[in-house]
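I've put the structures underneath this note.
Next, two complexes with chain A in common: one pairs it with chain B, the other with chain C.
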Partner chain A sequence: MTIKNEAQVLTISDIPELTAVNAGAFREQVTSALRESPTVIEVELSRTRFLDSSGLGALFALYRSVGESGEATLRLVNPRPEVRQLLELTQMQQLFEIVQR
Partner chain B sequence: MLRHAVAPDCAAARDAAAAVRRFYAEQGASSAELFGCELCVAEACNNAVLHAAGAGRARPVSVEAVCSATQLELRVSDHTPGFDWPGKVALPGVRSANGRGLFIIQAYMDEVLYFRGPGENVLIMRKRRETGRAISPGPAPVLTPDQSRHRLNECERAVASLTHELRVRSETLSAVFHCCAELGRAGASVGFEERLLAEMLHLTAADWYVLRLVTPDRRRLVIAAVSSAELNPGPLALAAEGEGAGSLEVRVALSRVSARFDARACEPAEALRAAGTTANGVVYPLYFSDVLVGTVAVGRRAGDFAFGDLPEEVGRIFADFLAIQTAGLRSREEDLRTQLLARELDLAHVVQRSLLPVALPQMRGFGLAGGWHSAREIGGDFYDAIALSEYVSLLIVADVMGKGVPAALFAMNLRGLLRGLSALFEDPAQLLGRLNRLLFEELSAVSMFITAQVAVVDVRAGTVTAAGAGHGPLLYVAADGVSIGALAVQGLPLGIRADVEYRSQTIVLGRPGTLLLHTDGLTDMRNPAGETFGQSRLVAWLAANHGRGRSATELRGRLSAELKRYRGDAPMADDQAFLLLTEETRHATSRFQKIGRPRKATVAARAGAANH
Partner chain C sequence: MKSVLICPATRRSVSHLAEAMPFATVPLLGECLITFWLGHLASLGARDVIVLVADRAELVRRAVGDGRRWGLRVEVVTVGSEPTVGEAAARCRPFGEPGWLPAPDDLVVMNHLPGCAALPLFESYAGWCAALQAWIPQALTPGRVRMRELHPGIWVGSGARVAPRAQLHAPCWIGDHVAIETDAVIGPGAILEDRVVVGEGARVVQSVIGPDTFVGRLTAVVESIAAGSLLINWRSESVLRVPDSFLLCSLGDMPSLVPQTHLAGAAGAFGRTVLRWLKRLRALFSRSNCAAGTKPSG
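Up next, the complex of A and B:
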């Protein structure tokens, strides 16, 4: 997983999968990156082949940290079709912008 | 069909989901089907891991995937307390942190069934296959000759592999059936593990094994069978922090999950390194009905132990069979021990009852009756009476301190000696001294001893001469004919010291005379409230019952009834034995009538009377 912060845009990418195995680590790493107060947070999902409900829980925690208060805009970028279908099925698009570039 | 045992953690659950994906990919499932199935297995396994309770936390989760032309079916077992699957699972609110797992399973699958069972629940998930998809992915392309040869080679390898699998499965079953048949024959249980494990070595191409069984106290794993003597590194403690906690066999036993062993990459203290510094293999847990039976380790001393799916399954079948048979044998041994114990108790009862005299000697003008009540566990209480002349008898009650057949046998020995010696000694103290010398060696060798009370009654002279060996006092009607005396002549029990001088004491029996010798089973008996009967109650009973013209037999019946009444529902902790001698002449009755009733019971304290 790669986290980069440029011009207050925090980009989290290279996530092969987000599951019960690594959701905790994902949350810890992202939480420490949030100290730099980004205004946009993009989770790049083009390489994410698999996501389960614990992974959805980690995205939801991110929303609770910064999205709910409106501190930052949250985007899920380029999810694969199966992942996008899961995000839509669980109505995560109500919390995140889902962007295809 | 794919079958996968998942260690109870999320990483293993993830691996299982990926294995299901690979399996269905080989069957030509679409990417949407693959994603859905992988996701649902991950959700089901995570739930099984995260919600497992108690011993279920250590048990593996099993995942099965089945593929047909029209349907994909997944079965996931869990050891959680289980729950009622809701008819329709609603999506939790978008702001809800969790609870999406069941919703996802329901959304991706066409049919979901959840069965709750004792100790294990099963989730069955079914997904209809997309139209037009069959087991093979699409029409076969036109192949070049090289491709055809390659395909042919692959098919031949597959057929060879299937043939091998069939042979191994058939030999496994044959070995198991053969062993079952052998176990049916008497005596064949000895060494059955070795025979079964030798078959296992052959079928898995292994060259060593170590079978450990758990001890009855469940604290250690001890060696039950090894392929060669140097593989016996001693027992392993099962306590998690104790000695042996680091050893692979203990970890496998406690986690219930089989594990690979490689001597080149394990702790120097690992017990299985006894198989050699280059040894490797697999350790299986042996469980039966959720109870640890032991572990079995198999492997090769050198060279990699090629443990593919099939040998692993063969090993698992053998391990399961070993666990079942070992548990069965143990249970049969247990039954046998219980039967032997019951038989010993029966035997002891027979011996003990045979010790009691069929008929007691009756002296002129006096009646003599004995009472004996046996506790459930056999003790060694008994009484006897030997006529020394028309007017003189020797009475004894004794208590062999011990249980079961040994106590009954010592009582028998004592009775024999007593009958042989009684004519030689008029003084009970001398008789006890001689009995002690004769019995000391045998009694002290087994840490047993005997308490006894011996009395020589001369009804013509109206005297009782008594001696005691660690026994309670005898009760008698004192010279005033009213009060009850307690005569305790102290002395060491038989079997404590080699040479003991006993002393005797003579008292005058009041009239009408009554004498009661008894074991401590009477006075120590407790009622349901836990209160002992005690000597004062026995004295009061005797004071209220003697001299009313009742025969010895009648008094015995009354005393037995009183003891039974007092005990009520309380368990009988010890045997009870007593001898009652009472004057039965008309003369005695008329004397009693002159004295009159009611009378107050008093204990005539005697020098040396014990505090009973």
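Up next, the complex of A and C:
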């Protein structure tokens, strides 16, 4: 996983999967990166082939922490069709701004 | 009168539909493609039907039996690969003998439902769903007394249980022994095959849910085909194997769920518990009797 903070845009990318195995590490690393107060947070999901309920939980935790501060925009970028299906199945696509580039 | 049915063997654009069984026996509004075709041929006056099968013939054989159900004599013949109509004609009717149903019902490739050639089943997942939706009124063949149209466009099977606050929007088909929990929204355009369980607050819209499938609480199955944990979006043709069973799964994978959601299942579980206790009591009695019998007499 790569986390990059440039010009107040926090980009989280290179996530091959987000599951029970790495969801905890994802949350920890993203939480510490949020201390730099970015205005835009983008989770790049084009490489994410597998997501489970723990991964969805990690994304939801990020949504809540961003929502509580109310100072940043959260986007999911380029999710693969199967990840999008899971977001739709759980109705979580209503929470996030999903961007295809 | 005779006829030949050719079972589709492989159809790449909808290959996931035939993962567990051949296309001819995929559940379809409580029946399957081949049983609808046999009923149709019987209504046209056929008496002998030859079924040519290249894919998992034993499952086709099991579905049709000897054809007595339709008043037919059915012979299921295993072939190496799916024959064309010409090849089937050369094999089964080489000299154009009389006594066959008139074309096109003499040699049929089951690529569509009877009388619905304009709606091919196997060209795309969207086509499959559209054909099923169009077929709903015709699926109520005279022998199917258990399925009722409760409200225009809303068909409900026997043993189905719909919670009072669930919403049903026409058109929708709810198969036998389906359970729909409170606040669920079913339809428009929803087909729930037999023994589906839809959890509280879930939505099923423009979708087909295969038999014995659990749709979890608050989930949304929209423009999709779900069968067990397999989820196919028929618009995008994207395929997902849902990893978490509380979202979507086969009820065969989680047997404990059935007794919790069905009253009959709960009664069954209670009955099994009573029987277990009776067995234990009997064992205890027989042990004490044995002990009494082996007691030294003096």
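Assume the second predicted complex is superposed on the first by the 99 of 101 C-alpha atoms of A that agree within 3 Å, B and C clash if a C-alpha of one lies under 4 Å from a C-alpha of the other, contacts with A are read in each partner's own complex, and residues count from 1 in each chain.
In this text, contacts are C-beta pairs under 8 Å (C-beta built on N, C-alpha and C of every residue); 3 or more make two chains touch, one makes a residue touch a chain.
In this text the structure is predicted, and so the values were computed from the model without any measurement.
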Simultaneous placement of chain C and chain B on chain A, clash or fit: clash
Of chain C and chain B, partner touching more chain A residues: B
Touched partner set for A:G57, first chain B, second chain C, both or neither: first
Touched partner set for A:E88, first chain B, second chain C, both or neither: second
First, second, both or neither for A:V21, with chain B first and chain C second: first
From 96-104, 222-230 or 348-356, the chain B stretch with C-alpha clashes against chain C: 96-104
Touching both chain C and chain B, counted on chain A across the two superposed complexes: 19, 50-53, 82, 85-86, 89-91
Complex contacts: residues of chain A adjacent to chain C: 19, 50-53, 81-82, 84-86, 88-91
Chain A-facing residues of chain B, complex: 10-11, 13-14, 31-32, 35, 38-39, 42-43, 46, 50, 91, 94-95, 97-98, 100-101, 103-104, 107
Contact footprint of chain B on chain A as seen in their complex: 19-21, 50-54, 56-57, 60-61, 64, 68, 82, 85-86, 89-92, 94-95
Of all residues in chain C, those that touch chain A in their complex: 218-222, 224, 231, 233, 236, 238-240, 242-244, 246-248
